[in-house]
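The data blocks that follow each hold one structure.
Shared between the two complexes below is chain A, which has chain B as its partner in the first and chain C in the second.
After this line comes the complex of A and B, so read on.
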């Protein structure tokens, strides 16, 4: 029963969109069928504005997010563990992190271009910023939340402080780390698209919808949005699947 | 120190500093006793009398304010694998399956993997848990969890195992079964056990010695040597006589403890 709803509710959404569009309630918003045609054109051939295959746009965006996200995961988990385990690190780093965190990654575009000029690097940097803060702060919370009983149990079994970090704090923090990774991946994806839209780097899904908008081909712009949504959904799905596997003990 | 003595507790005191201007709390006031090899020592006392604090000090998790604890002639000054502790709460690592929980301490000894697993399986077998070695703790009942925790501690071959009300959260039936199981295990392994409980029935059923603590600050009020053969019959006249005597002895202290609560 519930399974049917996962199929039926998006279908109902598309039908409502179609009906509302046909009745003229949505102004110039392209109809689902027009978006589907644009999407079909993109899948079959080049996009009419940048002369690039859709799969190249997708690949470019994916490479950027993977590079930025991997870097953020590495640095964020590393710093988070240090902050959770060593109070001094937390005291020093916390105020800096809390001040930088509210700045939208997108606001860094100027500095990103200044520091990394062209190529994929500025976009990767923006993506990194999107994922870094949630990963670091969730990892910190995860380590801090490790049950004292488990830490004491480990030490009565002969574990040193280092062993406790390695064998208790890190595995116990995995659920929180994954929460951070999932949030981080979502923020990173949105930040990347925004950065691509203002022309950080050539190609990419953000640039595709931005150019479509400039020539007022809204069907292509919405088709681009659909692809962005689908890729984001897929990335999150992978993340959930992986964490479900690692957290099968829960 | 004679060869029979595993652990020697000398004039042990513990005072917790008062927080934010509150007066400090004296919990233990000069405890002196020995734990002999092969013995099953039960400690009973009113709630909040410092039994848990004593076990934490014996395990090296807490430092005494005065006095000391000697293990085989050497002072205990930190947690170590020679003193095992079984917690009141189930302290299994939830992300490790049953077998991996038992291997935890063994992994720290840097021996080879196959040996470690063999050793762990031996102890799981001893507690009758070898059928569930791939299960995660959440899939186990309370009694099974404590069996695994005991196997995990035994696997390191400690000289003494400390148990802090380990069956406190089990239902009466499971608790009785676990007591019988634990006695059998202690007889087979010969490890010294210090078992804290507030249940006199449990103490008389298990202990070769029952130490009664006073209300806080705790000192030893009386030591009973329970000279009843195993298996002990809970309804036997001798058993009930021990129970009555210890309950009366403890009853006075419980009254004092309550008065302390109302006074403070």
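After this line comes the complex of A and C, so read on.
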């Protein structure tokens, strides 16, 4: 039954979109059929604006996202563990993180170009920013949430502080870390348009959406959005499967 | 856990807190839903501005000098003299956003680039008419300081930033490349907004860029670049920013639209005849530095007379690029541009 709902709910969403669009409630928003045609055109050949194949747009965006995300995972988990385990690190870092966290990716565009020039590096930096904060803060919460009883038990059994972190805190924090990674990956995709407004040349899904918007081809812009949604959904599925596999002992 | 408080009691308390929170957010949502339509929105459309003395909703782009006539007309009381009330209904980051506001019925008039206006109308996404030109020329191809680039041919294989596809600047660059005997793909085009071109030049991420004023003067003034080619050297008298009005507004308020053009023309004349005062006003209006405003204002030609033939050249380019579909660009332009509105209104 649940599987049916999984299939039917997107279908219901498309029907509602079609009906609302046909009745004129959504202004000039393209109808699902128009988006499907644009998507079909993109799948068959080069896009009419930037002259690039869809798979190339997807591939270059994926590379940027995954590079930024990998870096964010590395730094975010590292800092999150330190903040969760060492109160001093938390006291020093928390205010900085909480201040930087709400800044939208678009606000970083100018600084990203200044620091990393143009091309992939500033784009990766912006996706990194998107993913970093959820990963760091969830990891911190995961380590903080480790039961004091477990910590004390490890200590009683002669575990050093480092051993306790490695053998008690990190395994106990894994579910929270995965939650952070999933949220971080989603936010990294959300920052893609800002990331591809830093002079990345003529390739990328974010750029395709922006260019389509510039020339008022909203059917192509929404088609690009649909592709981002589908790729993001697939990656999230992979992440859930991976966390389920790793945490099967729970 | 506090002593003496059992788990079910805590659960009950937590549930109570969540309920209070939900009620609070519901009330907040209801408040905004009820309040917002009264504050803003497209409710004003179709009303007769002359009869009901409703202000004209005007918009423009931030950080630009092109809409200086609007500020001058406000400050000097030209709108009042023309019997109009004009209120600022939005300051937008790009022409596309401003055209979307037109489409949503939130605007009566706006200062916007000819490019986004033409693209939106030609694609049937907005119903507006151009009633006057705000300025012409004033864009430039700027090369990073220190590079040995003396002619456009030297840019072959270099990274050149353009504001976006289908913009007048994109057209200018393509034309300049073709005139130099190069293909339009001879340079590595990259899309960056003009405000970010400055940081692109500063970080040496691009070798050249094409932008409009005041970004050209900002780049030169800060020592990041030198002008290689002015836009009037590529396309003489090319239109840049226009005064556009909503079709519905024009249909219902032709006299008010004519008065708006009259005030715009008066303000444009004022800018031309009182250059120093206009520069001071531009400085106040934009917050730009004195040097940048002075240089930029020397390069922008403020004029209200729009040459439909020049505008059609751009429309043909859009058609050739496959960005819009128009069977007859001349017919499109004759409907899109209302050059004689002022005379019609007065008559």
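We take it that the second predicted complex is superposed on the first by the 233 of 250 C-alpha atoms of A that agree within 3 Å, B and C clash if a C-alpha of one lies under 4 Å from a C-alpha of the other, contacts with A are read in each partner's own complex, and residues count from 1 in each chain.
Just so it is clear, contacts are C-beta pairs under 8 Å (C-beta built on N, C-alpha and C of every residue); 3 or more make two chains touch, one makes a residue touch a chain.
Computed from a predicted structure; not experimentally measured.
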Between chain B (first) and chain C (second), which does A:116 come into contact with in this model arrangement: first, second, both, or neither?
second
Partner chain in contact with A:49 - chain B first, chain C second, else both or neither
second
Is A:186 touching anything from chain B or chain C once the two structures are fitted on A? First, second, both or neither.
neither
For A:150, decide between first (touching chain B), second (touching chain C), both and neither.
first
Have a look at where A:172 lands relative to chain B and chain C in the superposition and call it first, second, both or neither.
first
Examine A:32 and indicate which partner it touches, taking first as chain B and second as chain C; both and neither are also allowed.
neither
Is A:104 touching the first partner chain B, the second partner chain C, both, or neither of them?
neither
In the superposed arrangement, does chain B or chain C reach more residues of chain A?
C
Which residues of chain B touch chain A in their complex?
59-61, 78-81, 83-85, 87, 89, 91, 93-97, 104-105, 107-109, 136-138, 152-153, 156
Complex contacts: residues of chain C adjacent to chain A:
96, 99, 103-104, 116, 119-120, 123, 125, 159, 161, 164-167, 188-193, 195-196, 199-200, 202-206, 322-324
Note which residues of chain A are touching chain B in the complex, please.
149-150, 152-159, 163, 167-168, 171-172, 174, 247-250
Any idea which chain A residues touch chain C in the complex?
27-28, 48-50, 109-111, 113-119, 122, 197-202, 207, 210-211, 213-218
